[in-house]
Each structure stands twice: as structure tokens, then as C-alpha cells.
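Quick one: this structure, given as C-alpha cells, is what I'll be asking you about.
Note that the chains are named A, B, C, D, E, F, G and H in the order they appear, and that numbering of residues resets to 1 at the start of each chain.
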Amino acid sequence: MNEEILTKLLQDVKGDNMSIEEAVESLRQLPYQDLGFAKIDNHRQLRQGYPEVIYCAGKTPQQVTQIVKAMIDRGSNVLGTRANPEMYAQVKEICKEAVYHEECKVITIQKEKPQVTQSYIVVVTGGTSDIPIAEEAVVTAEMLGNKVEKVYDVGVAGIHRLFHKLDVITGAKVVIAVAGMEGALASILGGLVSKPVLAVPTSVGYGASFGGLAALLSMLNSCASGTAVLNIDNGFGAGYMASMINKLK
Amino acid sequence: MNEEILTKLLQDVKGDNMSIEEAVESLRQLPYQDLGFAKIDNHRQLRQGYPEVIYCAGKTPQQVTQIVKAMIDRGSNVLGTRANPEMYAQVKEICKEAVYHEECKVITIQKEKPQVTQSYIVVVTGGTSDIPIAEEAVVTAEMLGNKVEKVYDVGVAGIHRLFHKLDVITGAKVVIAVAGMEGALASILGGLVSKPVLAVPTSVGYGASFGGLAALLSMLNSCASGTAVLNIDNGFGAGYMASMINKLK
Amino acid sequence: MNEEILTKLLQDVKGDNMSIEEAVESLRQLPYQDLGFAKIDNHRQLRQGYPEVIYCAGKTPQQVTQIVKAMIDRGSNVLGTRANPEMYAQVKEICKEAVYHEECKVITIQKEKPQVTQSYIVVVTGGTSDIPIAEEAVVTAEMLGNKVEKVYDVGVAGIHRLFHKLDVITGAKVVIAVAGMEGALASILGGLVSKPVLAVPTSVGYGASFGGLAALLSMLNSCASGTAVLNIDNGFGAGYMASMINKLK
Amino acid sequence: MNEEILTKLLQDVKGDNMSIEEAVESLRQLPYQDLGFAKIDNHRQLRQGYPEVIYCAGKTPQQVTQIVKAMIDRGSNVLGTRANPEMYAQVKEICKEAVYHEECKVITIQKEKPQVTQSYIVVVTGGTSDIPIAEEAVVTAEMLGNKVEKVYDVGVAGIHRLFHKLDVITGAKVVIAVAGMEGALASILGGLVSKPVLAVPTSVGYGASFGGLAALLSMLNSCASGTAVLNIDNGFGAGYMASMINKLK
Amino acid sequence: MNEEILTKLLQDVKGDNMSIEEAVESLRQLPYQDLGFAKIDNHRQLRQGYPEVIYCAGKTPQQVTQIVKAMIDRGSNVLGTRANPEMYAQVKEICKEAVYHEECKVITIQKEKPQVTQSYIVVVTGGTSDIPIAEEAVVTAEMLGNKVEKVYDVGVAGIHRLFHKLDVITGAKVVIAVAGMEGALASILGGLVSKPVLAVPTSVGYGASFGGLAALLSMLNSCASGTAVLNIDNGFGAGYMASMINKLK
Amino acid sequence: MNEEILTKLLQDVKGDNMSIEEAVESLRQLPYQDLGFAKIDNHRQLRQGYPEVIYCAGKTPQQVTQIVKAMIDRGSNVLGTRANPEMYAQVKEICKEAVYHEECKVITIQKEKPQVTQSYIVVVTGGTSDIPIAEEAVVTAEMLGNKVEKVYDVGVAGIHRLFHKLDVITGAKVVIAVAGMEGALASILGGLVSKPVLAVPTSVGYGASFGGLAALLSMLNSCASGTAVLNIDNGFGAGYMASMINKLK
Amino acid sequence: MNEEILTKLLQDVKGDNMSIEEAVESLRQLPYQDLGFAKIDNHRQLRQGYPEVIYCAGKTPQQVTQIVKAMIDRGSNVLGTRANPEMYAQVKEICKEAVYHEECKVITIQKEKPQVTQSYIVVVTGGTSDIPIAEEAVVTAEMLGNKVEKVYDVGVAGIHRLFHKLDVITGAKVVIAVAGMEGALASILGGLVSKPVLAVPTSVGYGASFGGLAALLSMLNSCASGTAVLNIDNGFGAGYMASMINKLK
Amino acid sequence: MNEEILTKLLQDVKGDNMSIEEAVESLRQLPYQDLGFAKIDNHRQLRQGYPEVIYCAGKTPQQVTQIVKAMIDRGSNVLGTRANPEMYAQVKEICKEAVYHEECKVITIQKEKPQVTQSYIVVVTGGTSDIPIAEEAVVTAEMLGNKVEKVYDVGVAGIHRLFHKLDVITGAKVVIAVAGMEGALASILGGLVSKPVLAVPTSVGYGASFGGLAALLSMLNSCASGTAVLNIDNGFGAGYMASMINKLK
């Protein structure tokens, strides 16, 4: 339930187009809807401007599907991250429009297309293996109505590739830097651009990368200012926060 | 062998309803019963008020079944944690009443229903994915005769859900807070309620959650007083200790 | 050398108010000035809009003073972080306007007052002991021309204090959350406000806080969206990035 | 402001012994008192039954003293942990009754003696070097009105010492186990007694104790049920939670 | 090639029962035999009294089998640890006497039975789940000619079980303590017995046991003297070193 | 595109054997070729003397194959590390000469045989289980035109095996030391030879080896001078750097 | 109170040379003597053959002195580890024979010289900086009546120094290997000698030695059999356990 | 004793210019000289071409001075790292030519100037605070007869400074990259130059740099080939190994 729908409902009550009883019924689940195993935060869209996002890992396909159902029943868009194909299959059965972004394991249902921003977010990766995480950020940001540009595989092993794309990077309002291994990409970008850089360490690598710890620590210790860091492999979080910043006026 | 049974036996001996020889035989395994690969602590119920609990992980289904057999032969209730379906299948064969709580992988056999407490334990989770661990606590506490209330999926991302349930939480004698990711739920509860909070970090999360380490450290460093912490994913331990506290007079 | 000064110089050349030779001399050190032990990045203000910042830790007072001298000779403002009183004493000798912010160990020299933004940054702390880090963010952001509001000591142990200040927090364009111990403040804020939250873990705490690691991991794993994390105790970085975001249009 | 004082005030208003204006003035700071750098949680005593506790580390002596002043002005008892002698000296100047517990670095001011419980808390240490942390628990628990017994230096290197004191330990309503090095004391007690055990790892040890990490992990992994763990060296937290449990009815 | 065989060979040469050429051929591989991918340390039995042991993990079944073949060709006994069934199947084909100890994944081939010691080694475990590691120690020690006693499942959760077996434990010349979780067993034994205790942490446990790290640190920090520690799950190493000590005169 | 080819092209342009348009077309992809998901660094051979290497892990077989295709289209040799059989199968389809080095999971395509060096690199392993990593170094170094000698399974448990091979080791221009477990091999070699030692820790081991961390730290702390360390299991990196050093004049 | 004294006392009672009352008085403190802050384990000498050892770190000089007094009053020898000069000064005042081993910070009081063993313990160090820890082992072992040989500074950076001393090393009944940095010494010795090796990692080193962690992990993962590990810098523990083994028959 | 001196001695013996007895006396300490607490590795210069280096940390000034004396008595050059001023003062007394490099805490005594190489080593730092470690490398390399160039303070926060110095960097035979914080400098250099890069992480930084761990992991995981890593702050090791490589022919 977003602000628009809420305003409409209150106008209907005022204009006698809806009875008080109907309105109460409709508003009863405004703060959240209780499924027992889950309490869907319907108030979120009013409070933060976006509907709740479903973190699918650790849930059963049944639970995911029930949450999705409750959300689409209220006209909400749906974004489900870390979803497996089995979850998608069940969701698909109750909602034909559901889309599965296989590379990044995201389910989306877009009831109404948001207006797309003019300013854009650029998503940059160090390597090809970082793309799944980058795509999670891209899908999230696009779902939230942002224009997104992609610059993939421009890591520091061949830094001229990055310089070649510098115009598309510096033209963005926010930069998302996705890199594994030593994660130096974030520092390079932080030193070159004058826009906020959101750094996403990935678990790409082996040995002393310790599942992304090396890139994480590297990004936290960046000697370049203007960089803040997300959790390892948290493409969603980067897309979400980039959207927040991109929409600031 | 609980205190009641022991008293009965001694009265029988005194009243000549049981021969000394029979009593000796029956008491021979009082301290523990030796199965070679396992030594079942029969004395525990007298010493601590609860029978021994079987930690099934790392045991063979045969070993689990033999331990269960030895326990039910002595009239003991049985609680087996971290049991897989194969273990349950074998236990089921020697004991029809065995129940498998699939969500939390616990086997229970309840020979005699305990009297249920009036005061209750509340089990609170941050998210839906924390429920399996919460259920381990619930099954344990109920098995030990406690009244239990559940408040699931009220994490800090939408904290009004928690405030909405504050009455059921503050009415409890003990609070179990189950949360993964950053585990902030424990601090919130610790700051709001005046009852002991047992915090259970879960391994829910990814990346820098490092298998629950983030939530564990977060809970250990809680700025709110009145909180103590269990091992990661240790729902059983929380249920057990909560029962101890709930039954204090 | 900022854009304004550069434009002026080129206009002077064009208008014959400055000889080519003088202009060359003045531009020779545009990319950076080489002191041997340091190469001051004069190009930074053109590239990123802010002059270089001096990280004083690990430098000798002599080195700090020489860098400051080179910067003020070019008309630059100066921001030196992690400076000790001995460094300040030497800097003071070559520049009377130098100010020492003792609580957060920052030296500032403000040659020209920047225009202050209308939108503001809010800096929130969990406890009183987090204030030195918060002040580093405040001094940095103010130095860069931002309006800043402070909400200190509103951690989750008494969360009504935070709710009481919610209007000043939600009115900000960017939120900086500074907290040690379990760092839950960042998650609470992330769940409540619709603005980007920059989370700064502090080394406040003891034992299993491991010098701020607990708060760092907690913030990285926040279940609330819209949060990104800075290095432990990195108030400067938060103030710098918040300024970037606050000035976006 | 505890419940008693609040009731009295409202009765005075009702009985016309206090004007509405006076009452409002007096209640204005009920939720918290804002000192700028600190917001004292006056509501805490009503919400949780105990006044706020001052964590002195990282604060200046001036800040500590101002907080103490604000608390005693409202008739509150004061408990300040991790205080150094300089802080105490300043506090002493504004409040003659202030006591400094040097061994555990705690400042206490007890305006009114609480009624002492009949049931008692036992504080057990593994070694002599763990006593400072144990004393923090003792002072905290006694300040909160609990009867406390001490059993010091009964670690597992000479376990018969512990067995010799088993009656005083098993007679307690709650057990606090304080131990460094390998922290085995908590497991031993957890296996022997039927009361909740609060385990406090200490930083006593060297080498691979890693500042108490060894004892912390050991206690978290205790094979004995009925144990929950506090932060390393957190004697205060143990005393506080033990008080909560000891006072349960 | 042990000392006995070598003496025999030299006597044969001296007594003209063997030509110099034959002796040279036989001695050519005395220091080691080179298989290319492996260099079998034939000199080890002379230098250290035991033949080389095969660490099978990370080798192919072919490599294991070739090494075994080379060893039995020289009349050596064979001990292969961490072997999987596929390796055993191939070894069995070239040597009928090969035995597979399934529980601890060890292959043994005993060409000549060693004389068994009179003094004995006792292997003690905390729980049933620690038995596989304990058995690796048992098989190793028996293979090397030691008398071994087993006391399993006597961990500190029910410490009377251990006291009940104290005579068999104190009668040993060396004690091997095998325990996971918090590993307190080693400290208990170290405090009770006057014989060297070899502590083997196991990876039994979950959550903050971190794959045996908790038990390892616990054992390294034991407050009881007379304890030294092996690698996590290193039953072989414990059996080997216990044998060395048991055979000292 | 290596220097030779580039020179030829320019000569052709100068000698009118190639039109400007053809040359431009051919040079368009000189800096890199953009496949969207990957940007192949064609400039690398000119800049560093070797073509780009494909790190296959985390890429799809399709992506690997497309990159290989783009490289062989330009006449480049191909080295793909961490490739699985499925990747190889697809690559094989587009290029018959592709070779799969199964033991170390490397794909190579050698369009033109490089001239082999006279000086050689020696690759030494501690055990047989370290061979796969060693082979990655061997294949890499040979691919780059180096003569390579192998000395396998000469770890410190039987150090006479190493001394026996000392001449082949000391005759090398660079030494690669590959070892897991405690990684002492690197220190031994560092103390014995006067040539640079590149130490490669492997993940061979268990328990407190923590996936190679023990060997890594051991090698970083070597008390012998003349040793530098690669990432855990990074045989490729060692082979590459050894080649750089071996070819120095 | 050792076995000899106890036997004497009982003979005196039997022979009427001591009244029952006197004997009871004398035996009252047999299990332990309670000083409040410490419980001295008098039973230890009977149970384990050695008197209790005082770990002085974390105790006040007064506490150390009181414990020493109680021990010498009962005729016990005294060994106090990690003692500072201030502690020694106070102990010296109550006992003239007290000796301070400054290099290893040990206080000893030897009331009766023990008989010295014929077999000996050898203490080997990697470097000169490891000597303080080695000396703690030497003093401990000598105090307990062992013959000790020292071989210092024979680390692997110049391994011929170790080979030169091999005869004194192989002649020992137990070997103590003390080394920091990468700790390879333990593996070398483990591979060369046929006697038990007790490995003591030291905190000598910097950077990635992480206070001795590198050496600790290295020693735990030793590829050579026959090695067990003590805590970092635990020279005392090594001397104590070596004594146990050296005295085995 | 280097090769030249040894040859001279043998020629003298052959030419009857030195008696056998004198030669034996002179050669007695060839393998090493035993000072008891230290065994100086005189053979090192023959074996590895450089004399032994003194790691002064953890040694007493007396020990350092005795070792220096023994070395200069044999005509050796001296390099002592991590030396404090007190050590230097004592060394200065026995050797007037001793030089103290205060910035990097190195003592040098150069009895004979080595011939300087034509090819050079370049030492590059990320920041000014990394210079002390860089200087340790410089002094070491110069002491060993290498030409050295310095490029300081060219970290990635202003990467144009590095590009400006690219010619001096690419002209070197070996590159030493010294950087703290996130250590990205090593990856940048590895991607740009075709020479071996020796990466030295420094402990410059704070918070999640964890004493240099962040830079260490970053450098180990470099996506650029041709880089190997030294211990944190190990400037000496880098200078030593760079010298080895620089002198290869």
C-alpha cells in the first residue's frame, strides 16, 4: 500500500464512496499482515517508499509463495532475492507475470512500471565472475525505477579498460563497484570519480580470499574517500541504497 | 529414573513389596548405564531434574536407537536433537510413540505428560528463516513442561511489528530471542523488557555473517543489560535454560 | 586550486593580465606537488571538488607541517585527521588560523568559508563514548560546507530516546549512525528512515567487541536495507561521503 | 524515578498537595534527561526496575560527573562501571557517599538501601586472577539488593576444592561462573547443578587465550545444558542478569 | 627395513651368504625409494623405529596403491590414514591381508605382529560422536605394538561417569583425551592424573565450535599442567606419540 | 597481438602492403576486445610480454568458450586455469588443439611453441598431495617457454630426501616451494639455496590447517631470507612470476 | 605435603608419637588450604607428585606472597611463574632463599633438593629471542629434578648448526622445541629424532605472526609424527610435561 | 668469511704462507661460531652470498653487541634490523663506523663497499606513512650493493601521480611495492609493469586494517599476475629478495 492508494482510500471515505467499515477492513493490515511464520511489513512503502523485499534463503517454497500471494493481493510489486528455481516454480503458479532472473536468482513481479529516473546508476565489475552479484544490483535498481548502466570486467589487471569507460562512469550519479579477489576496483574508482561509490565485495576468489573477506577488508580500508561498503555478495543492498541516493533531490 | 520412582522403590523395599535383590538389580544402573560406545547418565534426572538429552549428530542411527532403547526401558522420556530422518525411522521401529519434529530435526518420546507451568516462555524471532532454531527451543521447553508463546518475524527492519506484540512479550517470565544477520533483536528486547533475555544467534545470513559469528558477537556486546547468549543455532540450549528459569520459585 | 581559481587564471591569460610564463609557472604543480616524501594531489579539487586531506598518523610533525605549508601556499583549505597536539603546535607556528578540534584530533584551516547547504546531515550516536568519532564526521562535513545536526546517546538500551528525536533524524538528507558495542543503532535507523544511512562502527566496547569488529560485522549484516558501512572509527570517511550525497542534486 | 515516587507524585496531585504545574515540571524529564552529550534514561527504572548504569570507559571525568549529578538530583542510586580513580575523585567532590570499589573499578552511590533477597546468588571463580571480574558481579548484584555468596579459586586443576564447596553452590538460586584460560569451570558447574549458570569468560591467560576468546568459545560450546554466556570480562552483566533471575517469583 | 633386517644382511655379507652386488642392490633404496610422485622414506624405520605412514587424503587410489606396493615389497607394515573405500578396494587387490577400519578410515597391513607392551595407553572420549577419532588413535597405537584401553563417553556433562572409571585411567602410562565441543575433558584429566595427557580436539560440535577451534583453544589454555595438544581430529598423531612415550624406558 | 606482429603490420603499412583502413580495423581492438560480459586485454602481451590468462572459476562454459574464441581469432596462445571438464569439452569443439591438464584443471592452446630457456625453474613439493598445485605451476611456466625440473615429495618429515636432490635444486635460477600442512619446506629451502624462493602454501591438511592458513602464515613468517609468498593453492601465480624472474637478464 | 611426610605422620600416630588431635590438626588442610582469595591445592603433591605452581600474572604482590607463605609453612617447594620484580621483592622479605630468574620471570624456593634424573631433557630454540621462554622450561624442569641440556639458536635459517648438535639432541629422552616466527624447528626435529617432541610456539616475530599464532598453527600441522604442542610462550608447561615423561619408567 | 677470503687462505696454505695449524684455527669457526645464546652462521656468506643478518628485536643490547663483535672480528659486514637506540649506543662503542638509520631502525657496518649494480630496484610507496618500511628495504638493498630508486606517496587515491613516475618504475629490474590500508598499489603495479613485483603490506591504517591484515590479504589475492608477498612490515625481506633477483644474470 503506497501513499497514492492510501490517499485515494481516504478521499473515498470522505466522498462517501466507501463505508467506514470497508475502510477499516482495508486498513486493518496497514501496519503488517500476520501469516504466523511471517509478518509482512505493509507499512514499509509508506515509511520508506519501497515495499518489503523477500529474502528467500532459509524459507520453504511454500512460505515464499504465501508471502508473495499476500503481497500481490494488496497490489504490491514483489522482489524476492536468493530464490531457487523450485521457489520460482511455485510462485509462477500463482502469478503468471513472475519473472526469474536466473543469473542472480531473483524473482520479480512488477504490477505497475515505475517511472524511470533521468540520472543513472553505473554498475562496474572487476571481472566476469562478479557479474551475478552485479546483476542482483541491476535488477533491484531497475525494479525500483532507476536507469542503470553496466561496465563489466574492467578490473585493475588491465586498468586501461576502465579508463576507456571513464565517461560513462563519471556521468553517473552513483557508482556501484563490484569486485572479488583483492577488491582494488573500489579504491581506483573512489580516487577517480566525484560521486558516491558503493563497494560490494564478492566471494569470487580462492585461498586467502576467505570467501570474500579479503575484498571486504580491502574496501573498508580504502585510502580513497567517498566509498562505503556493503556485505559480501550483497548486490541487492547496493542496488537498493543506490536507488535511494539516485532519487535524492 | 526420577525422584518419584526412586522414592516408590525404597518404600517398596521398606514395606517388603520388593526384595533387596530386586532393588539392587534395579539400582545397579542408577549412576549410568554402560553401552560401551555410550554411558547413559541415568543419575541426571535426580541431579538436575531432567533426563539426559541425546545429541544425535555424529552418531550412527544404530547408536541413537540403542541409547533410546536403554532410556525407554527405564521409563525415561526421550529428547534427541539434530536427528536425521534415517535415525527417526529406526527409532520409530522400536517405539511407536516417537515423534519427529521435522522442521527442527528433533525426536521426542513422551512417556508421561509433565504438568504445564502457568507462567510462560516467549520465543521471538527476527525473521522467518530463524524459525527452525526457534522451534528447537519450543519443542524442548514444551517437552520439559513449560507453557510457550511464539512471536515470529518481528525483526528490526520493521520494528513496529515487535511493538505490536509487546504485551505478549512483556508478560512472559523469560524471553528467548532468536535472530541471525546482525542479531539486533536481542538488544532491542533487552532494552525493552524487565525479564531475562536468552539470545540465540542463528547462522541465517551470508557473506560477513560468517556462519552466525556476526550475530553472536553482536549479542555478546549488547548494550542492553539482562541478556545472556547461547551458541549459534543452539535452540535446544535456550529452551532448556529458559525452562530452568521459568520453573524457579 | 579549485575550478574558480583556474578559470580566473585562464581569463587573465586570455585578457593579457598574466604572461604565458607566469601561467605556466603557476600551473606546473597542477597535477601534484612533489615534496619527496609526499606528493600533494593538487588536481584533486578539480577532479573531485575537495582538496586532498592529510592523514597525519604515521607521519612526523615536520612532514605534516611541510604538507600543510605547501597546501596553504596554493590557497587550499586544510583538513588533517588523526593529528596529535605536537603536530598542531608546529602547524600553528606557520599558520595562525589553524584550529585544533581536540576531541576528535582534527586540524582545520579554513581560508575561505564555503557556502552552507540548506539540506542537512544528521549524526547520531549510540552512546556518549562514541562522540569523538561522531565529531570527526561533524568537523569534516562542516568543513565541506554542510549543515549538520547532532543527536547523541540514543542507543537501543533506551530506544524511546531515539523515537523522541525521530523528526530531526527523518528530516535529514543523509544519516550517519555512529555506534560501538553491538552497533544495533544502524539497523534501527535503517528500518525507520527512508534516507541513506552511513554506518560507522566504533571501537567502543571490550572483550568480544574485538576493537570494533562486533559492531562492524553487525552493521554489514544489517537486515534493514539502505545502509552502507565505513571502516571502524572512520568518522572522517562518513562525513566526507555524507557531504557528497548531501550535495547531490 | 521509581514506581513508588511516581505514585506518590500522582497522589499529591490528586490530593491537591502539588499543583499541576509542579507535577508537569517534575515529569518533564521522565522519559530521559538531555545533557547534550548524554541522554539519561530516567524511564528505565519504571520500565525495567533498575536505574540506568553508567559505562564510564571512553567518557571524560567531566562527563561522568555530570551524569552522576543529574542522576542523584533525581534521587537515583548510581552504579558506574569501568571507572578510573580520576573519575572517582571528581564524583567524590559532588557526592560524599560515593564509594570506589578499587579491585573492580566500580563507583557506587546508594541513596536508599534496597531490601535484600533471601535466596542468594553464588559467584564462583576458577582462579585468583579472575577475582576482579567476579567482584564486579558481586558489587552489581549486591547494589541491586541480592544476597551473594563467593566461592573463589576452585578451578578444574584441583577439582576437589570445588566438590568441597558444592553445598553452598547447589544452594544458590543462580550460579555465576567466572573463569579465564580454558573456562572449563562453566561446563563442570553446568553438569553438576540444577540451577541456571551464567558463564563469564575472563581475559586471564596468555598466548592462545587471545584475550579471553578461548574461554568464551569454550563456554559457548559447553556440553552441559543450562548455561548461557556473557561477554568477556562482563562481570556487571552477569550480576545484573543474575539479579533479574534471583528476583523472579 | 628395520634394524634387524639390516643386521642380518650385513652378517650375510660378512659370512659370504650374500654377494656384495646383491647387498648393494638391496641397500640402494635404503634412504628412500623414488616413485616420482612419491619418495618413500625407507630410512625412517632405522631412524625413528617405525615405518613411514601414508596420509591418503589428496592422493589418487592409484598413488596410494603404488606406495603400498613398494612398502610391502620391502616387507614393511603399512598404516594408511584418511583412506576412502575406493582406495581400500584397490589396495585389497594387491594385498589380501589389508584390513579397513571403516569407522576411522584407516587401512592396515600387518606383516609381522609386534610384541605388545605391558604398560598401556588409555583412550578417553568426551562423547560418542568423538569415537571415530579415538579409534584412529587406538588402531595406530595397537599397530605399533601397544596395549590400549578404551573409556568412551565420560564427558563433563555427567562427570561421575569419569570418576567411576578413574582406576583404569590412572593405571595407564599415557592418557589420550579426545573431545569436541568445549574440550573440558582434557583439563579435568590433566588435573586428576599424574601421567602425561595428550589432548585431541575434535570437530564435533556446531556454531561457535568453528570446526574444532573452540576445543583446540580450550585444550591449549588448559589450567592443568601435564597436557600437550594435537591437531584437530588428529587421532593418528596422538596414537603415534603415545606409543613413543609408552615405550620409553 | 605481440610485438612482432605489430611491427610486421606497421612495416606492411609503410611498404604499402596494407591499406590504412585494413590496419585501423586490425588495430581497433588493440587495447581490448569487448564481449560485453568480458573485456579481453589484448594490449597485455605488448605491455607485459604474455597474453591474458583466463581465470575460469565462476564463469559459465559459454563465457569461457567465447573468450577463448576471441583470443585464438587473434592468434593468441591460451591458458585457462581452474577449468572443469565441461568447459574443456566446449572449448575442444571450437579448437582441436586444446589440451586439458586434468590433474591441475588447466586448459592450454599453444599456437606457436615458445623458445625454451636454458636456465631452469625447479618446482619442489612437500608431499604427494601437493602435486596438483605444483603441476599448475609447471604447466604455466612451460607454456611461457621455461625449462622446468620437478622434485616432488621431499618434505621435512624425511629431510634426507631433500638433501639427496640438493644439486638439482641449487642449480635452478628460481625455486618454487609448494607445501601444505605446516609449510616448513619453504623455510628449509630459503635457508639452503641462494636463489629466490617462491612459496606456495596449499590447502592440503585438515583441522587447524584452516584451508591452508597455517602454511600461509608459516611461509610469511619464514626466518629464512629470500622467500616471497603466493596465495594459497596459487600454482599459476608462482609459475608466472618464476617465468618473469627466469627470463630476466 | 608429600607421600613421605604423610607416611611419617601416620607412623607417628600408630606409634603413639603423635596424638590423634595433633594429627587431625595437621591433616585438616590436606585437601587444600583456604585463603579466601585462593585455595591452595595441598593434595596435589600426593595426587600428581608435584606441589601446586603459582601463576602470578593477574595476582597482587600481596596475594602472591600470602600463597607463598602458606606453601612454605607446609614445607613445600615453590615455583611461581610470570612474576614481576615487585612480587619477588615482597616474597624475598618472607623467605631469604627465594631466587628470581629474571630472564624468564620465575620465582623459585627450593626447600629440599630433588634427586636429579640420569636421563635428560634437551631444550632447543630456533633463535636467541626465544631464550626467555626456553629458560622457563629449563628452570621448571630442573626444579622438578631433571637433568637438562640446552641447544640454543639452531633454527632452520642455518640448519647445519642443528645437525652439528644432533648427538646431544638424539641422546635426550624428551625434546622441547621452542620457536617463534614460522616454528619450523618442531617439524625438523620431529622428522629427525625418535623421541617425543614437545613444541612451544613463541610470540617472537611481527606482522603476520599474530603474536605467535603462525608458529602455533605451524606446529599443530606438523607433517612429522611424534610432536605435541603447548600454548604460545608456555615454557613452564613444556618443562612440566617433559619432566613427567622423563621420569616414566 | 666470503669466498674470496677462503680462496686466499687456501692459497696461503698451499704456498706455505700459512701453517696448517693457523689455517685450522681460522677455519674452526667456518660453519658457525657458538656464543652460547647465539650461533652465528659464518657459512652463510659462502652458501648464500650474503653474511647473516641480525634480527635485534627480543635480544638484549648485550647480546646484539656480542654478535656484532664476533662478526666484525671475522671481517664481516653487519646488518641489524629492528634495533633500538640503546642497542646502537652499545654497538657504536665497539665499532666507530656503525651507522644508525633512525627512520627504519637499522644498524649497518660496512667494512668494504660492495660494487653497485647497473640495473636498479625501484621502491614505491602508497603513502608517506609507509616510508619507514620502504627505507628498511632501501637500506638493505643498498647494503647488498644494489642501485635503488625511490618513488614515494603515489597511492591509488591520486593515481595520476603514479602514472607520472611510470618511466622510472618500468625501467627497474624489480619493483618493491610498499602499502598499507587496502594495499591496492601492488595490484596496480602488477597490472602495469612486466617485472616481478614484491609486495610489502604495512601496518599503516586503523580499525579493520587489523594491523596490516587487510593489506596482506589484498596483496595475496591480487588479480594481477607477477606479484609475490612478504610479511607485514617486512621491508628487510623485500630488499633482500629484490637484491637476489636484481643480481641474477
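Just a few scattered comments:
Basically, a residue touches a chain if its C-beta (ideal position, glycine included) is under 8 Å from a C-beta of that chain, and two chains touch if they have at least 3 such contacts.
These numbers were taken from a predicted model, which means no experiment stands behind them.
Of all chains in the assembly, those touching subunit E and also subunit F are G. In terms of residue-numbered contacts, E-F and C-D present the same interface, as over half of their contact pairs agree; the other options in B-D, E-G or C-D do not. Note: the chain lying farthest from subunit D is F, by mean C-alpha position. Two chain pairs, E-G and A-B, are weighed by contacting C-beta pairs, with E-G ahead. Two copies of one chain, subunit C and subunit H, touch each other, and the residues they use overlap weakly: the shared fraction of interface numbers falls below half. In this assembly, the C-alpha centroid of subunit B lies 50 Å from the C-alpha centroid of subunit C. Each chain gets one centre point, the mean of its Cα atoms, and the points for subunit D and subunit H are 54 Å apart. Multi-chain contact residues of subunit E (touching two or more other chains) are listed as 127, 157-158, 192, 207-209, 213, 216, 220-221, 223, 225, 231-232. Chain pairs that touch one another are A-B, A-C, A-F, A-H, B-C, B-D, B-E, C-D, C-H, D-E, D-G, E-F, E-G, F-G, F-H, G-H. By the touch criterion given at the top, residues 126-127, 155-159, 181-184, 187-188, 190-192, 205, 207-210, 213-215, 217-225 of subunit B touch subunit C in their complex. Of all the residues in subunit G, the ones that touch subunit E in their complex are 47-50, 53, 55, 173, 192-196, 198, 216, 220-221, 225-232, 236-238, 240-241, 244-245, 248-249. For subunit G in complex with subunit D, the residues that touch the partner chain are 31-32, 36-39, 41, 43-44, 52, 55, 57-59, 63, 67, 82, 201, 203, 211-213, 216, 231-234.
If you check the complex, the residues on subunit C that touch subunit D are 127-131, 152-154, 157-158, 160-161, 164, 204, 206-209.
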